[in-house]
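Take a look at these structures.
First subunit A sits with subunit B, and in the next complex the same chain sits with subunit C.
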Partner chain A sequence: MGTYILRRLLQMIPVILGATFLIFAMVFALPGDPLAGKCGERPCSAAYRAAFTEKYNLNDPLLVQYGKYVGKLATGDFGETYNQIKVSDQLKQRYPVTAKLALMAILFETLIGIVAGVLTGVRRGGFLDNLVLVSTLVVISIPVFVIGGLAQYFLGVKWGLFPVTVTSGEATVYQLLLPAMVLGSLSVAYVARLTRTNLVENLRSDYVRTAISKGLTKRRAIGLHALRNSLIPVVTFIGFDFGALLGGAIVTESIFNIPGIGGYIFRSIRSRDGASVVGAVTVLVIVYLVVNLIVDLLYGLLDPRISHD
Partner chain B sequence: MTVQDTTRTDTGAIRYEPQDGVLLEVEDLYVEFHTADGVATAINGVSFELRQGESLAILGESGSGKSVTAQAIMGILDMPPAVIPQGHIRYCGHDLLTMDEEQRRKTRGPEVSMIFQDALSSLNPVFPVGWQIAEMFRIHRGMNKSDALDQAIRLMERVQIPAARERVKAYPHQFSGGMRQRIMIAMAIALDPAVLIADEPTTALDVTVQAQIMSLLEELQEERQMGLILITHDLGVVADVADRIAVMYAGRLVEKAEVHELYRSPAHPYTRGLLESIPRLDQKGQTLAAIGGLPPNLMRIPPGCPFNPRCRMAQDVCRRDLPALREVAPGRLSACHFAEEVIDA
Partner chain C sequence: MRGTARTVAVAAMSAIALLAAGCGSGDSGGDQSSAAGGKTGGEITVRGCNPQNPLVPSNTTETCGGNVIDAIFSKLVHYDPETAKPENDIAESIDTTDNQNFTVKIKKGRKFHDGTEIKAKNFVDAWNYAAYAPNGQSSGYFMEPIEGYGDMQCTGEGDDPCAGAGNAKAKELTGLKVVDDYTFTIKTTEKVSNLPVRLGYSAFSPLPDMFFKDPKSFGDKPIGSGPYKLDAWNKEQSIVLSKFADYNGDFGGKVDKITFKIYQESDAAYNDVIANNLDITDEIPTSALIDDKYKSDLPDRNAQKETGVIQTITFAPTKVDPNYADPKIRQAISMAIDRDTIIKQIFNNTRVPATGWVSPVVDGYKADQCGEYCKYDPAKAKALLQEAGGFKGSKITLSYNADAAHKDWTEATCNSIKQALGVDCVATGVVDFATFRSQIADRKMKGMFRTGWQMDYPSIENFLAPIYKTGASSNDGDYSNPEFDKLLVQAAAATDEAEANKLYQQAEALLAQDMPAIPMWYGKTTMGWSDKVTGVKITAFGTIDFTSVSLK
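Let's look at the complex of A and B:
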């Protein structure tokens, strides 16, 4: 187990280097002059130009620039934007908001999705089953900006059940309730269907028949023996979904005015702010890899047939 | 007077006592499967009884209804699609089919227990084997975890699993097929059931392991004086273990006899066909006699004797009249119009 984790961590190094290099190269290839408009209406002086170029290594070839960037990254320095704003400060401010939103969305989809999946799986073909089947289909087929807008209008503006937008910089849990539900709604549908399908399949399995013939109650045979097996793929899905949500949600963030990482990357790309884009993407790559590793380890714990030796 | 009387002391629970030595009585049982394509009659009026310490083998091809009979006794048929339109299954005089569900649940394990064909899929893959055996004691006896686990180790030792104490926390996939079936057996006998049903317990195993499992079952059955119902299609397996054999065909019992009598002189052409289809060393080089044709579609069982399309002796009467299961010799039942001729042949 220990060697497995070590091996996986070592494998992350080339992935991180590759991903950051690709992003770095793409930003490098973008046309444009960072000094244009820097000094107001007139062009910058030659002395300023030289100092600026020197400071941001703008005359170095791509590989050298990248090497210098990675060197600083290794010491935890994400560099700064051309406006002398430290990227790490921006990330520190915005990443907790994204993480909070992602966690709330995951809790929502896990709770509602699994409960709906179990209820429909146990009573196949009933009213609730059809209701969930249709409503998940609707949710899956409607794009998130429509759901977000509708939820905001009806639940927020018209009926006043939830705050309409996020107004403070740090985004409170209360303000994030509605966006989290909108963000999680698509995955609720998938989790519910995945749980239902797996439960229905496992209810027909031989070991559930054994559980019944052992004299267990139906509740225990289904709730423990069948469900435990049915949740293995569901947990995997939720884990990967969590990794994806931690990458920010541009659409949901912009609908609800959430100062998260998704909007930050979007704005940075538009304003050709290379340092911010590369820094943020680096963090996202690392988070995604770590979440993946945790999911794989969890999978081994849930299913003893998977071994990590 | 027997093992199981001493174990039922909890107050309020029903005390099950065999009546004149009879543990289980199946009477005129019917099981139908209602599907989109129509109604399949899987069991068509089957009756038999099982006595204390007796081994009854139920023999038949796939689709003959032998497994469905076992599942009906155990109460693990999927209903629907399965329907039991009539019949009785009495355990110590109590009809399991009319008993309330909670009461019946409590009979599964302590009174009637079952072993399945494929131990790998029948054991839960995500729980340790010891935990799965211990679950019996925790649910039915209210034992705490560690006591129950001790009992599980004791049982694993009883069914001769080497290093039971070390392996109690291992998972089903970490055992060989034979060891897994031993674990199934340990689980089934955990609460000293009076009736043990073994549904093709050795079909999925290597031949050498088959013999070990059968002798273990035989040993346990003798030790605990259980009534054993052995369901199989393998005539070779039953000869040593069974006392009596009931042969099923298309949902009906077609012959019932003491094991040696049946081997010596079968009283039904179907049984004889089965016996002739066993490969024998002294007939090397000869063509193996197989029963031609296939068992009937259970939605369209032919009129008359259900075996008549495959029977070499079939006459007009066989295509017209359903032969009743009748006594053709002392202690021997056969459902063939020409049973006397078959038995003398």
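Let's look at the complex of A and C:
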């Protein structure tokens, strides 16, 4: 197990390096003008343009730019955004907010999703099963900005149950509750359906029949044996989803004005702000890799047949 | 339905907003207690956006930073929020007898936020810093009329024009002289009758001595001279201003504290205003502009005002594209554009049809300078085109930069031209603003292309000289009319303001004959506010007037 983890950690190094270079190259290749909008509605003056280009090495070829960037990165300097704000400061401020939001969304989708999945899986074809099936279908087919926009309008603006926007770097759990539910709503549907399908399949399998016929209560047979096996794909999904929620909460973040990482990456890509994009995505890649490792380790816990030795 | 991913999303969002509004329109009426007045003190929150540069007046030309700079820096003159007329602020007097040598006397006892007194050299140093090209200040070009500006520019080629021999020859403007602590003189290269009007722009703000010691950290926490001082700038989240206790100018504000909350999307800010979580938003989202929805969402808590912005369509220089050389063809195209319908359909009435080349908000504006040529008349347009012998090219083209929301209106404009004239017209997107501008600057763009102008200072001159004077910096169509140039020179030399305006108006009238660019529409700003505040006014620049806003 120890050597397995070590090997996986070592594998991360080339992945991270490769990812930063690819992202850097892609940002470099993007069309668009980093100076657009810097001077309002008109082109920037020549003096400003020259100073800006010089400051951010924009005239250098790709490899030189990347070399300068990685050189700085090695000393722990993430560089500056085109707004002359330190990228590291932004990442420090934004990642906790996004992580909190994503964790709450994960918690929400796991709790509701698995409970709904188990209840419907056990009583297949019943009223609850049909209700969950239809409601998850509805949730899956509505885009997030519709759910978010409606939730914000009714629960926030109209009835005042939740704050309308977050707008603060020190977001409280209460402020993030509504965005987290919106963000997790799509995944709830997936988790519920995934759990249900797997559970239904496993309930039909031999080992569950054996367990019941050997005298185990149905509750124990489902809870201990069938559910544990059914959760493997669900855990895989949730692990992947955590990474996706971190970087992909762009719509939710913009609706609720959450100063998180998704909107930051989006905006940086649009302004071709290489330092910001690469900095934010590098951290994201690391999170992905770590979460993947945790998921792989969890398999062993859920299914003793899977071993990492 | 055609449109970018973004416009589709916006349309969908507005559909929900409409739906949501339809579901609950219970709370009508509303209480209107104190209409005007309001008390002093208290704090307000306003929508902000991310400043694109450090907060240094000479390096800020975009509105996100400009809104903050305006509140924390005083200038020699201050523009009246209603009429945009300049009135003395720090200046005691600005005198000239020949429109070329100006003597500026400043008021004694005005202070920077660090307690030091504002002296003449604070102006001179700041302007020199802005004009010196190696400093790379975005609004350095405002110093251009001052004598000695040319020697402070870099002449090199390639990547860094300031490297080696190309470096600027001088570090100071020869036209600026400090006479004593409270007096300095300005000498301009040519006669400039409206120089005092220009001095209200933020690029002309005085800077304290400590700026020059460390410009970089200054941009993070600027020390200004205005009615408000900057307390904190939480990057990408909020900017907090509070009343400057020692402010002794005439344009102080009523509230004690102003917090700019930074929003990425105007929808979020707008919803916060409806829920009274935000006091003022200076941008109403498209979803709320449709059918004037904001007026029912925020009854008696909204305002709309014209601002000093004009959208035009410029013709490529004749040597680049001879097909448009005949003024009659240009006039015919202008008359073929149904401005009213386009404004209604595409801009939800947030634009005003242009009747000339100068915005109505400035001193010297004269209505209807374009006359019949800016009125939609397909029959006359067609007749005029035939008179000119028809259009020689295969099709009319209208280019725009595709990285901003110009696709819809350029296509609508082309459709209008096509229908009225019977000549094919195509709206052509150019990938981004930089490419678009460089094609225009290199004189490679043919046909017609969109051009816009946002005024720097409220003067009729600002809408004419920089754009249509022979060889002017923004003269994208290489327009040249000796008569026009002569009138501008005469106007710049006129010592009487009314006389100068009259000459500028005569010059503008010439544009209707030659039609170097088609006036399309003037910009408008719409604001909405919470039920906690009162006295919200929009300035001619489309910004919030912080001298009048207060809590109820």
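Throughout what follows, the second predicted complex is superposed on the first by the 267 of 309 C-alpha atoms of A that agree within 3 Å, B and C clash if a C-alpha of one lies under 4 Å from a C-alpha of the other, contacts with A are read in each partner's own complex, and residues count from 1 in each chain.
The working rule: a contact is a pair of C-beta atoms (placed from the backbone, for glycine too) under 8 Å apart; a residue touches a chain by one contact, two chains touch by 3 or more.
Since we're looking at a predicted model, the values are computed, not measured.
**Student:** Once the two complexes are aligned on chain A, which partner has more residues of subunit A within touching range, subunit B or subunit C?
**Tutor:** C
**Student:** According to the stated criteria, A:G125 is in contact with first (subunit B), second (subunit C), both, or neither; which is it?
**Tutor:** A:G125: touches no partner chain.
**Student:** First (subunit B), second (subunit C), both or neither: which does A:Y207 touch?
**Tutor:** first
**Student:** Is A:G215 contacted by the first partner subunit B, the second partner subunit C, both or neither?
**Tutor:** first
**Student:** Identify the partner contact of A:G2: answer first if only subunit B is touched, second if only subunit C is, both if each is, neither if none is.
**Tutor:** It touches nothing on subunit B or subunit C.
**Student:** A:G76 contacts which: subunit B (first), subunit C (second), both, neither?
**Tutor:** neither
**Student:** What does subunit B use to touch subunit A in their complex?
**Tutor:** 74-76, 105-110, 113-114, 116, 118, 121-128, 135-136, 139-140, 171, 173, 184, 187
**Student:** Residue numbers of subunit A touching subunit C in their complex, please.
**Tutor:** By the definition above, subunit A touches subunit C via 31-33, 35-48, 50-54, 59, 82-85, 89-90, 93, 143, 145-146, 149-150, 152-154, 156-158, 160, 163-165, 167-169, 253-257, 259, 263-264, 267.
**Student:** Along subunit A, where are the residues that touch subunit B in the complex?
**Tutor:** Result: residues 205-207, 209-217, 220, 225, 228-229, 232, 302-305 of subunit A touch subunit B.
**Student:** Under the definition above, what is the set of subunit C residues touching subunit A in their complex?
**Tutor:** Interface residues on subunit C, with respect to subunit A: 9, 12-13, 16-17, 20, 24, 50-54, 59, 61-63, 66, 133-141, 153-154, 159-162, 219, 234-238, 261-265, 267-269, 271-272, 274-275, 277, 309, 403, 431-435, 437, 452, 454, 474.
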